[in-house]
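A, B and C are the chain letters, set down in written order, and residue numbers restart from 1 in every chain.
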């Protein structure tokens, strides 16, 4: 693996050197027009990369051109009216956008999906309107002329070099973001939001942060633009500019960080190739745009990437279970937190007229394995949703070692140490098993902003070590590098369990961990759970339908029916309880 | 009396927005397509009406029907051969719609040129009730719009196909289990939405001029209406369209036409911040 | 698995840059016996109708010049070659198009539509010494130290002055409501006219209509509350104001109309309101019917654009005649020489003598196009035609 990586980096370095040489050499041959186009392409690429952050997190925004424009105007005004030094004005441009995004972002991102798209649409229209109408400041539609160049970058040639440097910095920076913890977290949020939230990734905060970072970079680019062209007008920052920035990621593919690079190059360079002065240019450009999106809906890179994968896919190995195991050796993990006591008092919830939880009260002792059973529709998953914060209770309390959980967000609850798994959304399908588990590890390891956004995640040795430990203990080493979505269902569920355990839970809620598994897989899972139970280091709640497993595994069992607890006790007590018998058998 | 005039102006404006937004919301909620091509269909309806009356010599009402049929057919083909590929890819489908809309508009500019076309209406002139001026054609538009919307609501609520549509809207898989083919429903819904847009264009064109970009502004307002009303709710789209039409009328008359769009957007954003799912939306 | 996309990205960049400098080599050569005149305008988007008309006018001028032997410089004869660029009113595209025109396509003279695009293009043409004609309102892009940019747009304010002076003398105290498009040119024009009108003591209210609005009922309801005596149309396309007039009449407007930029009788007739505008006041600098050349130009425009005749683009025609004259007078294509010649030359344009001058009371160079002095006319309807009689001449 190490040799592979150094080969890859050598190849990358060689290619970078070649590209740089071409960039250097070609400028002596290229006329001002091509240099201008190259500079614009660099701007487009950086805009695309910065916009992609929020797209990774699953939200598409039309607001980017507005920040581009705000940055440009801030630069223009602070240099022409306030006489600020150009590089300071550039910083001012970025700061202004960060501030604006920090104000607008949180309320705007309470809406999601198409609603957020329309809000961002509205934002760019409103900003454009302000630029047009606030004549005393912005000079309206006529724009601001005579914007000075950045000090030290006086002409076209030096601008070209400056933009090459800018491109290199941007590529490195966004690649770093992609390789850092945040890159994976954003991707998790965008692909499988519910599961991401259940591993402690706060959607609101991360989306706003992505929005703000993107806006800051866009503002910076706005300053570059203003100083390069020397003139700004509202018509350069319209909704259409936003639409095109969005399309960079769609055309190139948002999944890989080079996607917007490809898309930006395509959109910026095709008009050049088709030649501006042709009458049919708009037709050709828009036609090619539509065709590409039609042929490759997930982006060009997704098509390109599919090809090697087709040759590479080998069926995932069946997991036969740990080779050395007949007894129940405890499944220990390093640095575990002590298990917690979970107490539920008077928990109530309803969906309209349907009472899903009626005064539910029980407790689970530290290290205990508590089973939750009941017929379909009894409210078991609802209970788990209430415990983990995905539903807000209408009344009652949930306490973990005396601390209240009942009004916290799912991510906050994970932080407190209560982790749950899902019945159907088990893993992050498009990520490797290792990545899945690494995300799980982060649930209990908060990191500084620098560590989250800058440090490559492969360098966070403690996190990596912990993930590898989990993989080893769960015997997932053979599949660690494979994509989780390609695994057989039983193995996926095992990975899901591992992800939950990786977060060092004090209370672990497993929602039907054995559903859909074959007989052998169930046996394997039961063995693992027995070994976890033997350590008594996690309080485990488990919803299950497989009675033999439940009876064998649990210390105590709670039985639900129609949202009420009808019986609590040891497995033996429950089995002989007539009420329980009735609802299950008669 | 001016107030009544303002209200009536608002109803007229709202009726147009309603015709556009109802098709749009159905298409979005059932097919998951953010249909940026809707504005083009509006323009196509106007153009069909123009050519039907000028070149083919049809009377106006037949021209409106022709617009409905031709644009509806266009919508059907577009769904089958274009948007079908973007099932479950909402964002990519939206970008495709944008690209397609840009292409079609550019094509219309290239083929038809920049001179605006017009259509004559048989309902020219006005009714006067005291100080109140009611343009006959506008009254016609309002009547037709409400009739169509009423018929559509009735159809969706009580007919078999309407039930099928609602089934697919709620759960395509379950619908399939009941013997409903979601793809057929998708085509029908898209065709119906397109036909509505085409009718809107044909109805409006006598009051303005047919240009390739005439659909952009109605499309924008229609989007605002469906988001405001809550995606998927026909009643919500209608209510929101009326609210927007009234807002436009009031703001233009009592303040100025320039700030109308800005205020409409600002109001929508504020409402969304309080009700993130729109006025009548349900959590998806 | 990330190797292939990385390679792809890098190679793509390298390949395209290579294509770039090859592309320069291929297109760098320009024909020796033609002068390229670039037209940077809006050929797509909302202003496309304006751009199309402007381009048509320029092409008609080029055809006329070429058919009469072209442009003579010394003993060489040059044909005028019109190259069109679409900026869609986007200033970034305008700059890119200008770069292409100047650096790649060998364009030596160009015309730009729109004040913001003009200012954007000038960031390139001024340092590169390329003569640029601005078909644009606005006072910010033409300055006292501007070297190579000329303003060829007819001043609507000058036209309006004739109308307003007439009104102030015959109907002082009248209330005028003016309509402008809610865009850059609309606002620039409105400022000039407002100052002028106030100076003449007129009661003026200005309304701005967003370009895509054709439902004028709400705004008409509003102005009817103020009971205007005159509705003045300035800088709106004929088809749009014909609709406005029609809807105003439907709403019971019984006052007069004032046309300060164009009076598009064709559009008014089509909308069925031509008779209702009898008695209206118009300024005819845009009225090219009285001259033979003007009528011919109108017919050519009709034929070329399919009915999209906009009188203000006649200045594009006239400015090409001025360019021809200046080049021939200077005897060279040197930008400084041609510029100096442009400042002094005058030619017979479509509606009379035209030349560039420095407007009184400004420190601008002689770069602003001067049209025949406006007069105000009042219309009558005679034998199914609209006929105008002069009522006021600003010269007096």
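Note that in this section contacts are C-beta pairs under 8 Å (C-beta built on N, C-alpha and C of every residue); 3 or more make two chains touch, one makes a residue touch a chain.
Quick caveat, the model's predicted, so the values are computed rather than measured.
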Result of counting contacting C-beta pairs for B-C and A-C, higher pair: A-C
Identifier of the chain whose CA centre is least distant from the whole-structure CA centre: B
Between chain B and chain C, centroid-to-centroid distance (C-alpha), Å: 35
Averaged-CA centre spacing for the pair chain C and chain A, given as whole angstrom: 52
Chain A: positions in contact with at least two other chains: 279, 282
In chain C, residues with contacts to at least two other chains: 43-44
In chain B, residues with contacts to at least two other chains: 106, 109, 258, 261
Residues of chain A that touch chain C when the two form their complex: 8, 11-12, 15-16, 18-19, 22-23, 26, 29-34, 36-38, 40, 135, 139-143, 145, 225, 229-236, 238, 240-241, 256, 258, 261-262, 265, 269, 271-273, 275-277, 279, 281-282, 301, 304-305, 307-309, 312
Chain B - residues contacting chain A, complex: 28, 34, 82, 85-86, 89-96, 98-100, 102-103, 106-107, 109-110, 223-224, 227, 231, 258-259, 261-262, 265-266, 268-269, 272-273, 276-278, 284
Complex contacts: residues of chain C adjacent to chain A: 1-14, 16-21, 23-25, 28, 38, 43-44, 83-86, 89-93, 95-97, 99-105, 115-117, 119-120, 123, 138, 140-141, 183-184, 187-188
Chain B contact footprint on chain A (complex, rising order): 60, 107-108, 110-115, 117-119, 121-123, 125-126, 129, 133, 243, 246-247, 250-251, 279-280, 282-283, 286-287, 289-290, 293-294, 297-298
Interface residues, chain B side, partner chain C - complex: 2, 5-6, 9-10, 12-13, 106, 109, 113-116, 118, 125-126, 133, 135, 138, 207-209, 211, 213-214, 216-217, 248-249, 252-254, 256-258, 260-261
